[in-house]
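Paired with subunit B in one complex and with subunit C in the other, subunit A is shared by the two complexes that follow.
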Partner chain A sequence: MKKVMLIMRRAPYGTVYTAEGLRSVMGLAVFELDVALAFVGDGVYTIMRNQDASGLDMKPLGEAFSGLSDFGVQHYYVHAPSLAERGLTTEDLVVPAEVLDDAGLQRLLAEQDAVLPF
Partner chain B sequence: MLYMVNKAPLSSDSLRSCLAIAAPGDPVLLYEDGVYAAQAGASSAPWVLEALKTRPLYALKADLEARGITRRLDGIQVVDYNGFVALVEAHNVIPWL
Partner chain C sequence: MKFAVLVLEGPYQHQAADSAYHFIQAARGRGHEIVGVFLYTDAVNNANRFVSPPGERNIAQRYEQLAVEGVPVVACTACAKFRGLTKDTKMEHIRMSGLGSLAEFIQGADRFVTFGD
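What follows is the complex of A and B.
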């Protein structure tokens, strides 16, 4: 089975990238792929708890990312230095993500057949 | 002058350059991704707290809530859309895009 990873590097809401990444994961579910998500840099903000986007007339993106197991997403990874730099820990996240350091992320990227950046 | 910043503090130099250039006392309104500067414990917190010594910083409530920013730096004032309008009415505005 081919391995595909989406690498989420941007904060949600401020740009369209996060929502497009979410749409892409749902689209990938049609194919038989081993899909992983990695949250890096401002991308870690995507899966912060307690998002309430009703004041912006938008749906909360964090929760949407936590429900992707139905779409074949088996693996969530988060870059530890990015979390720490932003004053966050895994307790602040809506998904049980595996924590990676730089070397761990490098290994993971090397294993992929394709990496899609958002 | 009221400066308005809408980029996150660690992936953009928008807030840093704004704070370097804005005159002491000039207020800064954080909105959209700019509100991430209000997150307590972030590596940007020391220089954001330093800025608070010389000027008021405001953060837009709807943008904080959307992003789940609940642990906030003391001293950043939260404003709703009415507060946002009041600030804009009271000052000349420089959007720091």
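What follows is the complex of A and C.
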């Protein structure tokens, strides 16, 4: 089975990319693909607890990402330096993500057949 | 080698749609196969048959020409709905389909390349 990784690089609101990334994870995971998710840079905000997007007339994205296991998504990765730079820890996250340093992220990227950056 | 291409931006505002087109043409010119081009999010606007830039390259026409020459070019159905692109306003040879087509392109390709912002 081909390995596909989606990289969430942006803050969850303000542009459509994160919401589309979420939609494509759900769309791709139902086909014969091994789908993983990595959160990097401002993308780590995507899986922060207690998001309230009601003022933006949007659905909160954090909880939606935590429900992706129902679609067969088993692998969540988060970039440790990105968390640290923003004063966050894995305690702040809604999904049990594996923490990676730069080298770990590099290795993971090299293992993928396809990478979709959002 | 077999390539699949994902485009994430519409015409003119970003370079992505131009770069993807030039990449595709360069790859084909060297004997590589493009198994599919998936136009996602704003990139579905590259399939609008009413794109008509005065005195400039017509990016939508370029994608249509790829499709005419047998390169599978697919615009995301849901993204098209969000942006008001319909089968009456899209280029004739560019197909509308869902993420299943993107999955199929990924499965059929040796390399997957994204052009976006």
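One rule holds for everything that comes next: the second predicted complex is superposed on the first by the 118 of 118 C-alpha atoms of A that agree within 3 Å, B and C clash if a C-alpha of one lies under 4 Å from a C-alpha of the other, contacts with A are read in each partner's own complex, and residues count from 1 in each chain.
Throughout what follows, contacts are C-beta pairs under 8 Å (C-beta built on N, C-alpha and C of every residue); 3 or more make two chains touch, one makes a residue touch a chain.
Keep in mind that this is a model prediction, so the values were computed, not measured.
Following the overlay on subunit A, a side-by-side fit with no clash is recorded for the pair subunit B and subunit C. Contacts of A:Gly41 after superposition: subunit B is touched, whereas subunit C is not reached.
Legend: residue contacts after superposition of the two complexes on their common chain; A:Val16 is shown touching subunit C, with no touch to subunit B.
In the superposition on chain A, A:Val115 makes contact with subunit C only, while subunit B stays out of contact range.
When the shared chain is aligned, subunit B comes close enough to touch A:Arg86, but subunit C does not.
One geometric descriptor of the composite model is the angle centred on subunit A: between the Cα centres of subunit B and subunit C it reads 100 degrees, in steps of 10. Look at A:Leu56: by the touch rule set out above, it reaches subunit B but stays clear of subunit C. In the superposition on chain A, the chain among subunit B and subunit C reaching more residues of subunit A is B. Superposed on chain A, the gap between subunit B and subunit C at their nearest CA atoms measures out to 14 angstrom in whole units. Taken together, the two complexes place no residue of subunit A in contact with both subunit B and subunit C. Taken in their complex, subunit C has these residues touching subunit A: 4, 6, 8, 40-41, 78-79, 98-100, 102-104, 106-107, 109, 112, 114, 116.
Those residues of subunit A lying in contact with subunit B across their complex are 10-14, 41-42, 45, 48-56, 58, 60, 62, 85-88. Partner subunit A is touched in their complex by these residues of subunit B: 6-8, 10-11, 32-33, 36, 39-43, 45, 61-63, 65-71.
Touching subunit C in their complex are the following residues of subunit A: 2, 4, 16-17, 20, 23-24, 27-28, 31-33, 113-118.
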